[in-house]
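Labels for the chains are A, B, C and D, by order of writing; each one numbers its residues from 1.
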Amino acid sequence: MKDQLISIEHLFVTLNGSHQPLLEDVNLTIKMGEMVGLIGESGSGKSLTSRAVTGLLPKEMRVSGRISYGGNNLLELSDKERYKQLGIKIGYIFQDYRGSFTPFIRIGKQMTETIRTHIKLTKKQSEQLAREVLNEVGLEDKTIYHRFPFQLSGGQIQRAAVAMTLALKPELIICDEMTTALDVITGEKVLNYLAKVQKETGCAVLIITHDLAQAYKHTNRIYVMQQGRIVEEGLSEEVRCHHKHPYTKKLCSCLLALPGEDLITTASQVMVK
Amino acid sequence: MKKGNATLFNLPITTKLGITLVSFLLILIFFGEWIMPYDPFQIDMNNRLESMSHQHWLGTDQLGRDIFSRIVYGAKLTIGLGVITIILSVIVGVPIGLISGFSGGKIDAVFMRIIDAILTFPDFILAIAIAGLLGPSLTNIVIAIVLVRWIVYARLVRSQVLELKQQEYILASKISYSSKWRTIRMHILPHLIPTIIAIGAVDVGKVILLISSLSYIGLGAQPHIPEWGAMLNDGRGYFQVVPALMMYPGLAIMLTVLIFHLLGDGLKNRFDIRKRGLRK
Amino acid sequence: MRLVFSMIGKRITQLLIMFLLLSFITFVLMKLTPGDPVRTILNVEDVSTTTAQEELIKQQYGFDRPILIQYGEWLSNVVQLDLGESIIAKQPVLQLIINRLPASVALTIGGLVALLVIAVPFSVLAAIYENKWPDYLCRGVAIIGASIPSFWLGLLLIFFFSLQLNLLPVMGRGTLAHYILPSVTLGMAMAPVYIKLLREQLIDILQSSYIESAIARGIPRWRILLFHAIRGSLIPLVTMFGLSIGSLLGGITVIEMLFSWPGMGELIVNAVTQRDYPLIQGYIIVVGSLVVFINLLVDLITMLINPQIMQEARRAQ
Amino acid sequence: MKTLTIEKLTKSYAKETVALDEFSLGIDQGGCIGIVGESGSGKSTLARILLGLESFDQGQILFKGLQIPPKKKKDYRDYRRDVQMVFQDATSALNPKLPIWKIILEPLDNFKEVKPSFIKEDGLSRKAVASHLLEMVGLEREFVDRYPYQLSGGQKQRVSIARAISLEPSLLICDEPTASLDVTVQFQILELLKKLQEETNMTILFISHDIRAVTFLCEKIVVLKQGIIVDHFHMKDLYKKNRHLYTKQLIKVASLS
């Protein structure tokens, strides 16, 4: 398919010296400009999958399979070539906002450092760009630019991280539980800015989350992961209302309904043990 | 994190090594008198500065005393002093740390001020001061070191207590109507004791170094006493003629301190103490 | 700025508490002291002296007055920067110490340079190759280094480089070559603690999520190592230095003795063996103030390189 | 008479940060009360004050007519027996050095004269009592001899609940008991709490940031924002027009459409 941005085929990840694979036959495709959700509980392998894409897996893990991106199999590229794609082609936003930026370097400096790593700009131009994108995500550049990360709230930091991806315009942004450590309302705000950036740049977004409601609301398509395997895939509506796999059913049944809310057609609260 | 039941055989290699070497030291300390071929104080001016031989395994010093016997005798003295110093420091420091950390508030603030003030004052310098005013002797050195060392344990215990106090099981214990003493016994001491033992083991090594350094500059053990540092000081003048005089006591110190380091590190691993929580 | 003042204030309080504690201890000890300073001054162990002579000395040095009065007098003198006169050298104590200060400071700086040259490369290597052979090597070196008595290490260095190879001078202070052995000995004596700390720091930092973020942003590895990781590990290093300045001053004493280095350490050891009480007291006061002063400097430097401390201090106010 | 009456409770940490501002609430015996708020809303402070783990500046708390925290030793003892808590982080709430049975029995060991109603026979061994409690929270008896690190997050939280209910308290305070659990486990813990509440008629004060969890468990809901009660309503009025704007916002974020 032509509009395919990235496609993961038969991905296996195994810890050295162990036979039980951590990821087993994972297949996942993301089209250009698409928002895809990857949901699962802790330990299901969703973060491993995204790290396999960026090449950030720990050294003691073996990877096999194929990740096609831009006509290449990423797994066959050299470390150096993969490293070059980080940031500029594939953006990554992490869960723990305290770790999104280095704590003792000012936000602005880290942004220009990143920008100038990838784009040939003068110091002034990169500062200009950094200030622009900060404003885009609703942060006042005058104050934020000179702040240290610990002087900002979690929501502000994650918005700055979103701004960072906006400056580099990557084709794919991977958000690994980026709102989990935030308050719900703040998290929603960050996600809305993410959606805005997605619309402006037309990039694809992979949202990794354990929060089904979030995935339903913010993505077009959802993959459900359990114990290192993808157990179900489909449009968000489909996964929510017409799921087939028992695990998806269990997940959905555990999503507590607000009163009067029709969660799933069966609306059962069967406990699948 | 926790490994299964550790038997003597699946311990890490460093610990095994540590245990073997410590047993070796213990033999030296308790059975040294039977091993010593000569009286370590026996002066024999006919056999001065002899090199290694069947009669004198490590040779003799400038007064004809048997070096091997002196080192064996010195083991008991050096290690014994180190251990006593640390035990005294623990006895003084741990209760203060417990009280300070557990009660918090003003008591804590006062203790911390005093501790801060003493902390700026290095044990080495205090030892010099005490040796200078009371006269150089091993007892005075031990007093001087304890005066400063207890702080290590008070601070260690206090910071551990403060950290543990954040743990919700301490709160749960309070909610369960457990008395303070019961909470300490049930939830705090089991965490503290291994840490203190492990740190104490390393500290014994450090104190041995300190005492021998002080003895070396003449502020600790007096020259005729076979403390290893004093032996080095003793042989200083003959160092260029007979390097062996410097070699063996120095090696003895190094190996002993190394053993305590290995032991401490082994215990730290065994008890899984490595800065919990900091690494995410 | 208010913050800096409050910090200076805190350190000065600390200095005062320490000062009172110490002067109290030294005075109590002097009272208990078994040796008789009067006899030391007369410098006669075997020759019999008349009691009249002793009385005269006692009066001259004020030993006959009640201890509290002696203490008060001494305190007020110290405040006026008068630390009294050495019994042996018959010179002002402060002058004697100040004369010796430059040599000790020079050796300290030499030791710090040696320390950095030894500790930084070792720990960076160990951290990058965690649990591989460079790491094991560094840890081995560190643990053995921590077990060697510094004076013995110095002796070994003298033995090999001066006596056997005849490369470097043994004693005294003169040319730059004279600095090498004492500095290296001091540096090596301090290195193990720093290697251990720096290595653990770096390993923690290299595994931290902010380093992962920097990697994910595609920042070149060397930049990450230099500006994000090593820079971050310097903060505890400086704090560590502040904490260990005391033991450094102690360690330097032994090394000065070993190399006959004309610093404060040599001065004090001789003072102790000669029972020169005013000098010992003066030395304690000077060293104590020095420690507090250096710690104040360390505080200020930490504030400069670690903005977070500033923030927390501000919040605490 | 209300079981618990809180009147104008005020607590501030520093000059500017007010954790609770004139917080007033009355609670009857039985049922579940939900307190919803985001981080910094003062909800955890409230829990800690109710448990006597923290002091407060102004206002008063009456529990069964007694001032909290009680001054008399006997009253204090009764209060400790009657008010228990389940913590957010089950890992931190269980001492890693102790076996499960010792953990569970800590409260009962301090109240030797108490004979809980769920113990039918006499002369049971301590371990048997502990395993009985484990069964009540849906864990197998064999768990008594295990250590916390051998348990999953959900199982640890069950142990924590078992400890809290061992004295049969009339008020159980749950501070985000499900926040660090997976969704499926979260659901099971909520079910367990619901079941236990129905069986024992204790009052559960359920503190959470998750409005879904609160609506699942509670009949009455209090919405806290920056130390102030902004909304206070019965479950059936959740969608009423006169809900506070902040409540509406919370609902909107949580809802699927």
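General observations
Operating definition for what follows: a contact is a pair of C-beta atoms (placed from the backbone, for glycine too) under 8 Å apart; a residue touches a chain by one contact, two chains touch by 3 or more.
Everything numeric in this text was worked out from a predicted model, so none of it was measured.
Separation of chain C from chain D in touch steps, taking the shortest path, is 2. Each chain's centre was taken as the mean of its CA atoms, and the one lying most distant from chain B is A. Annotation: 48 Å between the Cα-based centres of chain B and chain D. Chain A and chain B have Cα centroids separated by 52 Å.
With each centre defined as the average position of its C-alpha atoms, the distance from chain A to chain D rounds to 34 Å. With touch defined as above, residues shared between interfaces to two or more other chains in chain C number as follows: 208-209. Annotation, chain-chain contacts: A-C, A-D, B-C, B-D (touch as defined at the top). By the touch rule above, chain A contacts chain C in their complex via residues 54, 56, 83-88, 91-92, 94, 96, 98-105, 113-114, 117-118, 148, 150-151, 161, 164.
Those residues of chain C that touch chain B in the shared complex are 13-14, 17-18, 21-22, 25-26, 29-30, 32-35, 143-144, 146-152, 155-156, 159, 163, 200, 204, 207-209, 243, 245-247, 249-251, 253-254, 257, 268-269, 271-273, 275, 277, 280, 284, 287-288, 291-292, 295. Every residue of chain D that touches chain B in the complex is listed here, in rising order: 51, 53, 77, 80-81, 83-85, 87-89, 92-95, 97-98, 102-103, 106-107, 110-111, 147, 149, 160, 163. Contact residues on chain D toward chain A in their complex (touch as defined above): 38-39, 182-184, 186-188, 190-191, 209-213, 215-216, 235-236, 238-239, 249-251, 253-257.
Remark: chain A residues 41-42, 183-188, 210-213, 216-217, 240, 250-251, 253-261, 263, 271 touch chain D in the complex.
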